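The structures come next, written out as structure tokens.
The same chain A turns up in both complexes below, where it pairs with chain B and then with chain C.
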Partner chain A sequence: MNLYLGVDIGSVSSNFILLDQNGRLYRKLYLRTLGNPVKALKDGYASISDGLDKQHGKIRAVGSTGSGRHLAAVLLGADVVKNEITAHAVAASHLFPGAKTIIEIGGQDSKIIILRNNIVHDFAMNTVCAAGTGSFLDQQSARLNIPIQEFGDYAVKSGHPVRIAGRCGVFAESDMIHKQQMGFPVEDIIMGLCEALVRNYLNNVGKGKKIEEPVVFQGGVAANRGLAKAFEKILGLKINVPAHYEVMGAIGAAILAREQMELSHSPTRFRGDNFVLEGNFTSNSHECSGCPNLCEVVCIKRDNEVLAYWGDRCKKWESSIKQPRDRLKVV
Partner chain B sequence: MKVSFPHMGHLYIPLKTLFKGLKLEVIAPPPISQKTMELGVKYSPEFACLPLKINMGNFIEALEQGADTIVMAGGWGPCRFGYYAQVEREILQELGYDFQMVVLEAPDSRISELLLQLKALGEKVSVREAYQAIRFAWKKLIAIEKLEKKLEYCLPRAIDKNRLESIFERALQAIDEAESQQEVEKIAQESLREMEKSPFKSAEVLKIGLVGEIYTILEPASNCYAARCLGRLDAHVSRSIYVSDWVNDHLFGGYLRKSNHKQIMQSSRPYLNHEVGGHGQETVGSTVDFARRDYNGIIQIAPLTCMPEIVAQSILGRVSEELEIPCMTLYFDEHSGAAGVYTRLEAFVDMLQRKRALPSNSQLMEARA
Partner chain C sequence: MSRVGIPRSLFYYYYYPLWKSFFADLGAEILTSAPSNRHTVERGIELAVDETCFPIKVYLGHVAELCREELDYIFVPRLVSVEARSYICPKFMGLPDMVRALIKETPPLIDITVDLSCDEKCFQKDIIRVGRLFTRQARKIQLAYQHGCEELRLCRSLASQGFTMEEAIKMWEGEPMEAESETDLNIGVLGHGYSLYDERISMNLVKRLRAMNCKVLLPEHLGSEVVEAEAATVPKRVFWTLGRKMLGSALHMSQREDVDGIIYLACFGCGPDSLIGEIIERKVRDNKPFILLTVDEHSGEAGIITRLEAFCDMLRRRRNYRSESKLSPYGASLHSFENTV
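Here is the complex of A and B:
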């Protein structure tokens, strides 16, 4: 059985999926990154690939995305390294052909992607503020002592959401505390927060974009039913949450990896189980003194072998390692 | 007198030449680094825009190296920039630095005013020598911009992008050190030829117009090196403004060479019919101009809180829709994470590539619908 591995290393979660030849999801895994992407990658890979041999599954190609996509590419050997926007758009148009708007809210960023004819027509990402993303919801659930998994269930129970000022995460929090002290029920406050976050999203990320149906809502935050309900209420449109909303980026990366394999007919760059599972990966950084730019150069090592450098503006360090990528890029 | 000035792209090379020609000792600020940013941010008002913060970092570093005179541009118009030289002087004085600040005000119409201001700086030189210094500096500027444009053309097409960049960097250094116009000419010609000779890919490249606020466009350190990054992503970037355009239009009132400034301002109609300060109208006009020249996309860049560009951004939506050209806006301040910027640039280039690859497909789908 041919399988395609998609990996999405984000700020909050690390997601792994295996896709079969027909584009169906074979396995999925959602892990918390917990500030240690190398460990998340090793653990995640070990668990997603567990027992594949017995089932005659073989990983044919690997795609990586998310803010840790370059790290994932080095540790696993990826055939495709793609930004989150393209990956999410590819996954959504694969599962929802004809989708016109994608709302994606992750751990620390939120984006809107406008699709026309199944390709990205326009997009925007939050710029200088992370209010309304997963990290903020996490923080609020911890403060209210409600597990994040149940946050949405509380919200949808609300009959009269209270109005929370959602312009800024810090002010939203103080407004919530104020409403709590006044004695509003917690469900109404949580739903009020959901509505505030939706208004914030539409004003900051969605500003000036035409939101048309079908709308797909994905990313880890889509687990919150309260938010989906708030979007429906404020937009007046039906919101579709895909079954695998939390791993859509990884699905997109796997689809792209499969596409790439079919187009290029070259062997995969996937390095195999032993490379990632048995290696001891370390990273260190130093300030390069080659010129006055003083770039912070990061070095990724497996045992004593240097795998990659990045962070140097002049690419002196980066290009000191022969990447197989260079060979393939030549047209 | 030891003269220093703020950085703005490669402007330091002609400026050094100019001041040397005026027989002044020059101390160029060290290249903009993380330390420059930290110093600038520490001593600037929080709500000021990034250019002011970087200026401050430059000045402090130059003063620490012994500069005692700072030459800064002034200006007029509704953008805050005209006031920056004054604010910067006050802050530096409060920090206890002993220095003199010379503010070059853009002349309203007469070129002689600027000549007099420059002449006042160079007490030891004749008018003739001042004129020659300006001429030599201008030659260097023109040579550098030819190289910059060549790099913008070649970088996306070249197979070995590192080599191309090192040719460019080498040429810059040689021009900086050059003592005569002939020498500058020779370096430029040789480097241009060397860049053209690098092996190219056969695939067609995307063309992206970079528009927006002048400093952010001209100073790569203020925009996370967005133009180079796009070049490495195989996109040919053209900027809406180059230093020589600004010097010609604003300092010399169009005296040095023919300018297309009027035409750009005309192009902004009917989307924006008035000046909105800074380069807001130019941003809209250039976007229209790039769209008419069949560019694939537009990226607008500006420092966070830049009022003229916020006005322009709100208008670009309509331009984008009517002229069918994708536009993306990026704001920069000291918090801008380079990784986040690259993600957006990569996604934008991806979008343009996929759009271009699939037009027949989408027409088909439209026909079906």
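Here is the complex of A and C:
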């Protein structure tokens, strides 16, 4: 069986998926990155590839995305290294041909992608405010002592959501505490939070964008049914949440990897089990004193072999590696 | 021989050839600060008041660096206006005062006021006043100024051949520069020159785009008549010199067939940017793909790179779709998949 591995390494979560030849999801895995993307990659790869041999599954190509996409590309050997916008767009328009708007909210960032004819037409990512992202909800769920997984269930039970100021995370929090002290039921506060987050998203990320149906809502935060409901209420549009909303970036990367393979007919750059599982990968950084730029140069090693450098503006470290990184050139 | 320090920041990127050749003709030796690097930025941030915009902070870092050298003067002009009925951002007006207040023990500042908004008379007098620091011959000073203006024109014409002002200045100083190679995208890039051409502030925006196989079209590459004519089409005249130039350039680029997309680089906390950027976005958006990138001292390169890559992807795919190639927007045909994820 031919399989395509897609990985999406973000600052909060690391996602892995295997897609089969027909574009069916074969396996998926959602891990917390916990500040250690190297470990997340290795562990994630170990569990997603576990037992593939016996089932005659073979990874034909690898695609990576997310802020750790280059790291993933070095550790696994990727055929496609893509930014998150393109990866999410590919996955959504694959699942919902004709989709016009993608709302993507992840752990630490959020984006909006406008599609026309299945092509990215416009996009925006949040810049400054974290109030529209998953970490904000995480914090609030901890404060309310309700597990984040149950947030959505509470929210949808609400009859009269409380209005909570959503301009900024700090205000939202103090406003929420105030509403709690006034004795509003917790469901209504949670739903109020969801609506605040949606308004915040629409004002910051969605500013000036024409949101048209079909709308696809994806990213880890789409787990929260309260948010989908709040989007529907505020936008007055139907919101589609894909079955595998939390790994859409990885799905996009895998689709792109498959396409790349079909187009190029060259052998995959995937390094294989031994390389990934048996090596000891380390990443460390040092300050280069070669010139006043003082670049923070990151070095990725497998045992004693240097795999990659980055962060050097003049590329003098990067080009010092025997096997140049253009093998992994961003496509 | 007197030594004059010129910070490599802010209006350096618009006027350095004039300044340099003026002072050189008067017999001064010129020293510039190094291109912005981590030290300059950190030093500038330490010195500056928190609310100032990023480019001004960086400028202070440059001045501080020059203060460590043996100098007779540092050139910190007070720019009010460089053309009739138009102004430079008010922050420039207070620059010498800001430097004096925030940096102790600077060499004497040459803080000539440049205000050409009404007439040139005062300015000419001021030039003479500055020149007198170096020579007593008024004629020599006037000639030095004229010569400076010629050198500036020369440098600008170098820039107009497809280079940034930073590169043009290098070429003007005799460094060879390679012309752009073949590219498949043509992107208009707008922003205040001192942000755009300072590799630290812009995070190397122009070079990054070129590395992504894009040709970069800048306001300096357009004729000023075209730019002014376009800028005049908005109902209210923009009285900021740089803002009007950007607006005119944006309107012009948005109508050009050969421009695939437009990028505006704004600085967080910049008053003029928040207005001009917004106007440009509204005017341009319907005609051309557009993104606004905002940078400040905290921005990470990763965010910028992701946006640039996504923007280039988008432009290439939109074009492929338009040219109705058999390729799907994402490479191979998407819909050969069964829709079963």
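By definition in this document, the second predicted complex is superposed on the first by the 321 of 331 C-alpha atoms of A that agree within 3 Å, B and C clash if a C-alpha of one lies under 4 Å from a C-alpha of the other, contacts with A are read in each partner's own complex, and residues count from 1 in each chain.
Basically, a contact is a pair of C-beta atoms (placed from the backbone, for glycine too) under 8 Å apart; a residue touches a chain by one contact, two chains touch by 3 or more.
Owing to the predicted nature of the structure, the values given are computational and were not obtained by experimental measurement.
*Asks:* After lining both complexes up on chain A, report clash or fit for chain B versus chain C.
*Replies:* clash
*Asks:* Of the two partner chains, chain B (first) and chain C (second), which one does A:Gln260 touch, if any: first, second, both, or neither?
*Replies:* Second partner only, chain C.
*Asks:* Of the two partner chains, chain B (first) and chain C (second), which one does A:His94 touch, if any: first, second, both, or neither?
*Replies:* Only chain C is touched by A:His94; chain B is not.
*Asks:* Touching A:Ile251 in the superposition: chain B (first), chain C (second), both, neither?
*Replies:* After superposition on chain A, A:Ile251 lies in contact with chain C alone.
*Asks:* Just checking: does A:Glu84 make contact with chain B only, chain C only, both, or neither of them? Give me first, second, both or neither.
*Replies:* In the superposition, A:Glu84 contacts both chain B and chain C.
*Asks:* Applying the document's definition of touch, where does A:Leu294 land relative to chain B and chain C: first, second, both, or neither?
*Replies:* both
*Asks:* Once the structures are superposed on A, label A:Leu137 by its partner contacts, choosing first (chain B), second (chain C), both or neither.
*Replies:* A:Leu137: touches no partner chain.
*Asks:* Contact-wise, after the overlay, does A:Leu25 reach chain B, chain C, both or neither (first, second, both, neither)?
*Replies:* second
*Asks:* Which of the two partners, first being chain B and second being chain C, lies in contact with A:Val120: first, second, both, or neither?
*Replies:* Both partners.
*Asks:* Should A:Ile164 be classified as contacting the first partner (chain B), the second (chain C), both, or neither?
*Replies:* neither
*Asks:* Quick one: name whichever of chain B and chain C touches more residues of chain A.
*Replies:* C
*Asks:* What is the shared patch of chain A, the residues that chain B and chain C both contact?
*Replies:* Looking at chain A, the two contact sets intersect at 67, 82-86, 117-125, 127-128, 208, 291-294, 313, 330.
*Asks:* Provide the residue numbers of chain A that touch chain C in the complex, in ascending order.
*Replies:* Interface residues on the chain A side: 19, 22-25, 67, 82-86, 90-91, 93-95, 97, 117-125, 127-128, 208, 242-244, 251, 255-256, 258-260, 262-263, 291-294, 313, 330.
*Asks:* Give the list of chain B residues in touch with chain A in this complex.
*Replies:* Answer in residue numbers: 30-31, 33-35, 159, 161-162, 165-166, 169, 201-203, 225, 304, 314, 317, 326, 328, 330-331, 333, 335, 339-340, 343-344, 346-348, 350-351, 354-355, 358, 361-362, 365-366.
*Asks:* Can you list the chain C residues touching chain A in their complex?
*Replies:* Per the stated touch rule, the residues are 34, 37-39, 199, 204, 268, 281-282, 285, 289, 291, 294, 302-303, 305-307, 309-310, 313-314, 317-318, 321, 328-332, 334-335, 337-341.
*Asks:* Quick check on the complex: what are the chain A residues that touch chain B?
*Replies:* Residues of chain A touching chain B: 67, 82-86, 109, 116-125, 127-128, 208, 291-294, 296, 313-315, 319, 329-331.
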